[in-house]
Every structure is written in structure tokens, then in C-alpha cells.
Amino acid sequence: AALAERFERTVAAEERIEPRDWMPEAYRKTLIRQIAQHAHSEIIGMQPEGNWITRAPSLRRKAILLAKVQDEAGHGLYLYSAAETLGVDRAELLDLLHAGRQKYSSIFNYPTPTWADVGAIGWLVDGAAIVNQVPITRCSYGPYARAMVRICKEESFHQRQGFEILHHLSSGTPEQHAMAQDAVDRWWWPSLMMFGPPDDASPNSARSMAWKIKRFSNDELRQRFVDMAVPQAEALGLTLPDPELRWDAESGHYRFGAIDWTEFHEVLRGNGPCNALRVEHRVRAHEEGAWVREAADAYAAKHAARAGA
Amino acid sequence: AALAERFERTVAAEERIEPRDWMPEAYRKTLIRQIAQHAHSEIIGMQPEGNWITRAPSLRRKAILLAKVQDEAGHGLYLYSAAETLGVDRAELLDLLHAGRQKYSSIFNYPTPTWADVGAIGWLVDGAAIVNQVPITRCSYGPYARAMVRICKEESFHQRQGFEILHHLSSGTPEQHAMAQDAVDRWWWPSLMMFGPPDDASPNSARSMAWKIKRFSNDELRQRFVDMAVPQAEALGLTLPDPELRWDAESGHYRFGAIDWTEFHEVLRGNGPCNALRVEHRVRAHEEGAWVREAADAYAAKHAARAGA
Amino acid sequence: TAATVQYLLRLGDDALVLAQRLGAQLTRAPQLEEDVALANIALDLLGQARPLLARAGELEGRGRDEDALAFLREERDFLNCQLVEQPDVDFAGTIARQLLFSCYQLPLLQALTTSADEVLAGVAGKGVKEVAYHRDHAVQWTLRLGDGTEESSRRMQAALDRLWPFAAELFESDDLVRSLAVRGVAVDPASVRPRWDADVDAVLAEAGLARPSSVRVATGGRRGLHTECFGYLLAEMQHLARSHPGATW
Amino acid sequence: TAATVQYLLRLGDDALVLAQRLGAQLTRAPQLEEDVALANIALDLLGQARPLLARAGELEGRGRDEDALAFLREERDFLNCQLVEQPDVDFAGTIARQLLFSCYQLPLLQALTTSADEVLAGVAGKGVKEVAYHRDHAVQWTLRLGDGTEESSRRMQAALDRLWPFAAELFESDDLVRSLAVRGVAVDPASVRPRWDADVDAVLAEAGLARPSSVRVATGGRRGLHTECFGYLLAEMQHLARSHPGATW
Amino acid sequence: MNEQPVLAETGTVLAAEQAPPSPGPPPMSPADLKLARIVAGQVPDPEVPVLTIADLGVLRDVDDHDGHLRVTITPTYSGCPAVEAIRDDLISRLSAAGFPHVEVVTTLSPAWTTEWMSEEGRRKLAEYGIAPPLRRAGGTVSLVLTVRCPQCGSARTRELSRFGSTACKSLRVCDDCREPFDHFKDH
């Protein structure tokens, strides 16, 4: 009870909970779930963009994209390590991902049929991710908060690159402009869904807020994203596919149309365009790599034994 | 002995030996080896051209190429059936091919890096094959001779299509013309080697001639091919890569330069550019198809059993 | 006619893309007879695709011939269903795709033999005989694999489960096709669904295979939205033609 | 300078094509650390390829930049060795290719740091550090796989056997490279063979792997003659760029 | 047996392509059309050259179309690659026969059927070693007829592969004389 009180005090004082501190089991579980989901999103998120590495239209873009996807793998590594400070290990978490028992961000269940999708993901998806993640830099759990500081910096860089891709396309040939507009048309609504269901339908939020794992409500963050994206779309010369979108001088915010939550729930339930593809791809890489990991373990064991002998 | 005499008489009278006739064991073996090698050449020969089916530059060319490769598979089937009349079965012959214990024409161990190679194979390789095969339509073994009649007709059609491909390229853009010339440069000498080693180095020929399995010597056929190809190359507007090539009015033949038999023997020994690739590809298809063949057998057995019950 | 062009492209692209997939299987079949059979089916489909695309180009009136439409269109302009572009994971997958597609294509072409568009009617008339064979081929192999060995049955079921979500798109109706159907040009694909259900169910039952229960519905092909494997198929198919702008072959 | 252009293309194409192969492995590695490592190696190689191609285009003087050389050249104009284009059959194959190539590239770049061509010397100077890491990575994995499990040892040996015929081409000398070597621009690749032999032999011995005995020598890459898999690599790499003539990205 | 089957047609194809552009088209007499029909009908099938396109029933019509000769053919199946070669041969042979303006039209409907193959064609096929398509009885019941071995005439034959080297043929084998042979399928 003294421990619980100290925990509450620390959180209330905006101080950090560290791995060796006592914490409530539910807090630990919530964090593990959230960090794991975040890590899974990084590594599944490599696929839609990775789809264009071999086909990038210039060497410069190829290098930027390679570096970006590498960053995502790096973020994944970093986040799995953060989760491991809470007493799970990466192998367990990967098994849960592969078995479909832990989620990743639904946004990665949409396909990338054109090069402009790489731009749209950078601009909109990374943009939304940053809005979601910046508050986590002040999360009550120390390792997660510190990881997010670094990750957010890198993602800002990615977002800027995505914006540049779209900007170049938008002011390029008519075909390139159409390609950019088409990508934005397809990614806009899914990006808005990245902030999760509306507040009145978001069950776990309250406790996460109290624990200072979450800092703002889904709808607040979504509004923040829209307010940021609309002027950027204008700068790009691209149209956001929402006829109801308009500036509301009174509130100082952009108002936007109703989100189709049926689609969101279908994708979440595993029926999105690429759910099966993404998990199969992951599982195949994992299974085909099993003999390699076994070899590395066997080698390490042999040499540890020799060193010990 | 009476049987042997009758066999000799039949062959001498230019009549046909049929499957149920008595024949010397060596005759049977020679024929099996030759027909099998011919069948193997058809199915391995599908690969270099098959390499371009998915990349043919027009739908018309794609259809023609698909049909051609289908023809080759059909010829393979036909020839394996002809070999089976001699008391072996296809599965055995395929095993020998896969184990590297029976050969196929070395010409298929060269790669097809460009579309023009499809034309060059049609014109030169099929052209050489026809010159080689037309005499076999008069082979003493009936089923083989009859098979060759129809196969030769179909191959003439293929050769014509190959010629047309090259003709179109040769009179197309400078890049297309260069592509055609490059392909002819690479295929000319290997085509000449298709007729086998020079007569003075060809050990098995004499007996095959006596048995009327073979009708002309390697060098005779090679000369016939050169005499045919040179004017066609002129019609194509392409140069044959042999500075010594010239018309010899006295003999009424084209004289050509010395063939590099070292290369021929290297390819024959398995060290050609694609020997490993071709056999691996075949073996992989065969092994990956094992479960399908097993299923078909199991199904047939079940249904034969049910029909019998 | 813009609607007819779209409709011709849907049918033509289905045939072209499936021919492309099957053509890639040549030299990779489990036995020589199947190399021949798959090549033959590919050739039939290519033979259907060519006049359909040529006709689409002619009606469009922008000077595009069959090759311009096949080799110089971008991914988002291809209107084939997603089923036909799905990759050949194994022979069971090839057969499952053939089964689902030919059981749809056969009644569709039968109905199209009376199309008001002459080319469409001609292609359909010719195609009916060919596709009857394609269906028969797929049915025979579905039976052999479903009722063959344990492994073949498992693979065939897995292939069906994997491809089933792509079947619904075949029967998708929209304003375009309904308006063309009224004019006697097109056939509403929804109308062939009962026949498809009956045919496929009968084969699966005889083969001892379960009708997949997947509720997922993949869609988008008719609007030019394709699965990620499709871009690679196009890159391979179009590369040479695109590398020589203006050349003929 | 025509000779220098050729030489730059050989080196640049080696790096570009290997980067392309490695880039395709991203999201397919046996563990996340390897996704990062392979991406990193690919990025280094791409970083070497770009200035080399750019320099080649500049010396050539026909207005071709790095992208024109990468995306608008035909297969027969690519001068990379055949080793780097060989497909990734499994992780052992990826590692074997890395081992054979990095053990060649490291001493080559070391010698090129003093090249009379400034760009070449610059790329080599920077590349030496990177490639030292590539080699170390390949060596560590060769040891783990060779001396790991029975399966890993078998796979690693098979990969070496498969790729060995492509090693000889790395050291092929010709008039072009010899004349450039005399002028201090190039390094005769034959000169790095002893170092390569010693390095590779040492690793194989420690890993318990046999030096393959294959006598087959694959060659042709430096004359633009490639193995059949290469056309597919190029089709994928170039398709988008070729689909939009004149566009920039 | 002709031992030089190689590219027998190539020269004439080239000649046709190089034919000079046409002056105005004169009208065609019935005799012209008759001659054109004969010449066109003699074009061989490229893959089974013992058969002409008239034997096969691939040649549907030869008529005067605004002073141009119009030849209508129907391919045996949709993807048949021989169509292109037949088209070239028609143009070159008709051109040699004095018809410089030839339009070859490919029509798919009505669809080609083996019913269109002439008796002559069937006889030539059998002589060539390919079992001809079976004649369907006019009645409603389609009998399962046997395919006879073109070598020994036996009815004891079975199908080895539904397709042979070309789509229109299947591969069979005779259980009596063991001959493998092609059967031109009923279609």
C-alpha cells in the first residue's frame, strides 16, 4: 500500500516511473500492450513502404526510402527493448503478433499501389503518428517517454520527406499530380481513423489518462492533426477528399465530415485490404529465418561453452 | 539369327522397324538414348525462350511465343511416347535427365538476355535443328520417323517466326537493329556446334549410319546449314560473326572459319553459362510437383478401386 | 461508348492478366501435360484479351491499340478483378484460381454471346467452347487434389481459403454494368452468381473440400485499385515495351 | 576518358545492383537486427554507386546523370559482375554473396584511395570504412552459419558452392583496366586476388566450410552479358522511371 | 520428302511487303473472284501444311469490297498464332496472283468448328498420321465414338494428354501397335 501510494505520488508529480520501481500490475500490462503494439506497428509499417524500395524512381529517393525503412526497423528494436524493461521478451511479443493476439496500427493494412503512396504515408501517416506520439514523450513511464523523444524527432524528418515527395509530384507532370491526388484521396480518411474511435466510444482512455500514459483524448488529437494538415494540403496544391471540410472561425478549428467507422472496425477485425498479407509476410520471414536464429544460438552456446571450458 | 537377318533385310530395304518387331539390343539402346536426348532437348529448350513469355513486347509476339513453347512441350510429350514404344518409361528418362546421366542439346545452356535472342533461337537454333532432323524422317525406326515428320513441319513454322522477329528488329530502330545483331553474334557459333564434333572425332556415327538412324555426317549437315543461313542473314541485313566466311564457287558451298571446340567441350562437360541453371530449374519444377503427381495417382487408385468394387 | 470501353477493359484485363500469370508457370508445372494445358489456357485467354482490348481502343478513339493498352497503361488504369492477379503460390493455388474464375467466366460468356456489341459477342461465342474446357480442367484437378492425398487436400483447402475473399468482386454490379446490360451490351455479373454458387459448391462437395467461411471481401479492381503484387507483374510485362518508346515489334 | 567511364560504370554498377538486391531483403530478414544491418549495407553501397555513376555521366559528356544511367540503360549496357546480381535464395546465399564480394571490394577500395581520379579516390576513402564493416558482418555470419547447426552449415556450404563460379570474374583483368592502372586511375583487380584468397580461406577454415572445388568460371558481366535473373531485376528497378519519360521525382 | 522446308515462304513475304503503293482500284470480275478464291484456298496451314485453309474451313469468304479483295478467315481458336502467318501468306500469294490490294479480315463469329473441315481435309490428315476429328451424328444423342489409330487402324487407343503440341490436337497412343499419334480434336 505504501508502494501504491508512492507510485500515485510519483505519477501525480509528473515524475517518472522507472523499470525497478514498483508499479500496479494493470499499469504494467497496459504499458506492455501499448509499447508492444507500437513496436509491432513499426515493423509491420516497414512493409507498405518497403514495397517501393526496389522500384523507387530515382537513386536519391531510393536512398531516402531505404534509410526511412531502416529507421523503422531501428524504432522497432528500440521499442521492443523498452517493453523488455517491463519483464517480457521480444520473442514472446512477436509470437503474439504472429498469432494475431496483439495488434498493430490498422493504417498499415492499406496497400501502396503507387509511388505517391510513399509520399502520402510520410506526410499523413507519419504526421498523424507524430501528433499521437508527441504527448507520449511526457508519459509517466521513463523508458517509453525517453524512447519517444528520439523517435518523434526522426519521424518529423520522415514526415518532411513525405511532404517533399508529394510536393514534387504535385508540381510535376499532370500524371504525377494525379498520382499524388489519388494517394491523398485514399489515405486521408484512414489517417483520421488512426486516432482511434471517438471519445464517447473509447473505453480504456480514462485510466490511461489518469496514469499519464495518455495525455489527450482521441478526438482532441484528431482535431489537432486536421488543423495541421489542412494548410499543408493547400501548400501542396492537393485537395482533401472531404466536401464538409471548412474553417470554423468561432472555434478556431477546421470542421470535418463524419468518419465511416464501419470501415475502421472491419479493418480492425482483420478484414482490411492487407491484414492477411501483412501478417503472412511477417510470419513467413520469421519462419524462414528460424534456422538462422537457431544457428546463431547454437554458435553462441558452443563458444560460450568453449570460453568457459 | 533368323530374326537378326530379317532386321538387317528390313533396314537395308529402307523399310521400317516397328515397336513389336525384333531388334538388336544395341539398336534399341541407341534409339532410346537418342530419342530421350531429343525429348529432353525439347523440354529444356522451353526455358531459354520461356524466359521471355512474361516480357514479350507485344501481345501478338507473346501469343506466338506461348504457342511455340507449348509446341515444344507437346513435342517432348510426343517424343517421350515414342521412346516408350521401346520399353522404357518417361519417369525413368526424366530421372536420368535430372541426375545428369542423359544429355540434352548443349545449345540450351546459353542465356537469353534480350528479346532478340528469341528471334535468334527461332532462326538459327530451330533452323539447325531442322537440318539435323529432316533426315530422321527417314529413320529406320517407324514411330521416331513419323514423329519427326510432324515435328519438322511445326519447327519450320517456328523458324519462320524467329526469322520474322529478327527481320522486324533489323529494320526497326537503331537500338532494335543492334539488339538483333548482338543476338546473332552470340548464337551463330553455338548453332554450328549443334551438329556435333567434326566427323573425324565423332565415334558413334558409323553404326548409326549403318542402322539408318543417322543419314548424314555431322560435317555434311553443318555445311548444309551454313549454306542455308548465309543468304538468309543477308536478307535480314545482319552480319554473321565470321570474317572467314565466303562463297566458294568451285565447291558451291560457303566456307567458314574454325570452330572453337574447347568451348563446346566445356559446355558439354557442364560448365556452360546455364547448365546448372537449366537442370536446377527442371529439378525444382519436378520436385515441387511431386505432391501433385502423388495426389493424381492416389485419386486414380481410389477411383479405380471404387469402380472395381 | 465510354461505358462500353470501360466494360471491355474489365473483361479484357481479366483475360490478359490471368494469361500473364499462367504464362509465367510454363516450365514450372508438375508434369509436362500441365505445361501444355496451362500454356493452352493462357493462349486462349490472351486470344480473348486481344480483340477486347483492340475494340476498347477503337471505341475510345484516342488511337490506342491493343499493345498501347496492355503495355503503356499504368496500374491504376487496369480494371481487372483482383482474383486474376493473385500470385501462383503452388499448383493448388493455380487450380483454385482457375476454378473460381472459369466457373464465373463460362456463364458470363454464355450470356454475352448475344451481346449487342459484335466483337464482344464474337469473343464470347469463341470463348465459350474454350472456357468450358478451362472449367473442366480446373474441376478435374480440384477433384484430384481434394480427394487425393492428405497433403494435396490440405493445400487445396488452403488455396481456396486464401483466394475466396477475391471471389465476391467477380459478381459486383455497378451503375456502369447495369446501364450497359439494359442496352443489351453487357451482362450484369450478379446474374451469374447463382450458377457459380451451385457449380462451385458441387465440385467442392465432391472433392471433399469445405466452402470457405471467410467474410472478408476484397474489392477495388474494377476501379483500378489492385493488390500489391500487381505492380510487379506489370513491371515485368511492360518493361521492354516501355524501354523502346515508339518502336514496333 | 571513355575507358574511365567504363571503369566507373563497372564499379558503380556493382554497388548499385548489390544495393538493389539487398534492399529487396528488407522486411524479409531472419531477425530485426538483420533488417537493420542489410538496409545499412545497401545504403552504403547505394551511397557509393551514386557519385560513381554521376562521375561516369559527367566524363561521358552526353548529359546523362546518375538516374539516367541507373534507370534508362538497357541490360547489355550494365557492366556489373554477375556475382552481385545473383538472387537471394536464402540468408546463407545473401551472406555468401556478401562474403565473396566484400573480401574483394575492401582491398580494391583500399588501393583506390590513391586513384588519380578524385571522385574515385573520394568514394574509395569513404567506402573503405563502410566495407570493412560489411566484411566483418559477412565474416561473423559465415562463422555462425558454418559452425552453427547441421542445417546452417549445409546451407552455407551450398550457397558457397552455388556462388563460387561467379568469384573469378571479380579478378578478371583486361586491357582497359590495365591501361587505367598504368595511369594510376584504376587498380588491376587481379592484384587483390591473393589477399582475397587468404581472407576467404581463413574464414572458411574457421567456419568449418570447404573451399568449393568448382572449375566452372562464369563471366561476361564486364561486357554487359548477364545471367537471366538480371533482366527481371532491371524491369522492377526501372519500370516506374521508364513509365514517365522526362519526369523528375 | 522435301529436305529443304526451311523458310520456303520468306522470300515471297518480303516481296509482298515491298509491293509498290496502289493506283485506283479497278472492279473485279466474277472470274477474278473465282481465281482469288482458289489461290486463297491453297494457303497451307502453317503447322499442318498438308492441310490448306480451305480444307480446314478457316477460309470463310473472298469478296470484292470497294474494289479491294477482302478475305475473311476464322481462327480455329482465339489465341491461334497461325493466324498471322496465314494472313501474310494470303497477302503474298494473292499479290503474286495479281491482287495487289488484299484486306484480310479475321472474324470470330460464328465460331470455327471441326464440322467445317472438308472430307478431303480429313483424308489428308489421316494420311499425314493425325487422326481426324470425329463426325458427330446428326441426331441428339452424342455417341462416344472411338478414335482409330492412323497407323494400324485399331480402335484400341487412349488419350495421353488432352493437348498436344497445338491446342487443336490431343496426344493419343494405340494399344495395339503402340504408335503415339495426334488426334485433331472435335470442336
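Observations
Per-chain residue numbering starts at 1, and chain names A, B, C, D and E are given in the order in which the chains are listed.
Convention: a contact is a pair of C-beta atoms (placed from the backbone, for glycine too) under 8 Å apart; a residue touches a chain by one contact, two chains touch by 3 or more.
Going by UniProt, the chains are E = Ring-1,2-phenylacetyl-CoA epoxidase subunit PaaD.
Computed from a predicted structure; not experimentally measured.
The chains in contact with chain B as well as with chain C are D, E.
Although chain C and chain D carry the same sequence, what matters here is overlap: shared residue numbers make up over half of all numbers found at their interface. The central chain here, found by comparing per-chain C-alpha centres with the mean of all protein C-alpha atoms, is C.
Note on interfaces B-E and A-C: more C-beta pairs are in contact across B-E. One finds 37 Å separating the Cα centroids of chain B and chain D.
Each chain gets a centre from the mean of its Cα atoms; for chain C and chain E, those two points are 29 Å apart.
With centres taken as mean Cα positions, chain E sits 54 Å from chain D. Residues of chain A in contact with two or more other chains: 55, 175.
Among the residues of chain D, those touching two or more other chains are numbered 74, 231, 235-236, 239-240.
The multi-chain contact residues of chain E, meaning those touching 2 or more other chains, are 79-81, 160-161, 163-165, 167. Contacts between chains, counted with the stated touch criterion, involve the pairs A-C, A-D, B-C, B-D, B-E, C-D, C-E.
Per the touch definition, chain B reaches chain E in the complex via residues 18-20, 60, 63-64, 66-68, 70-75, 77-78, 81-82, 84-85, 127, 130-131, 134-135, 137-138, 142-143, 146-147, 149-154, 156-157, 159-161, 163-164, 167, 228, 232, 235. Considering their complex, residues 1, 3-11, 13-14, 46-49, 79-82, 84-85, 128-130, 151, 160-161, 163-167, 169, 171, 173, 177-180, 182 of chain E touch chain B.
Of all residues in chain D, those touching chain B in their complex are 74-76, 162, 215-218, 220, 225-228, 230-231, 235.
Interface residues of chain E facing chain C in the complex, by the touch rule stated above, are 75, 77-81, 107-112, 160-165, 167, 187.
Contacts from chain D toward chain A in the complex involve residues 16, 20, 23-24, 26-36, 39-40, 42-43, 46-47, 49-50, 53, 66-67, 70-71, 90-91, 143-145, 147-149, 151-152, 155, 236-237, 239-241, 244, 246-249.
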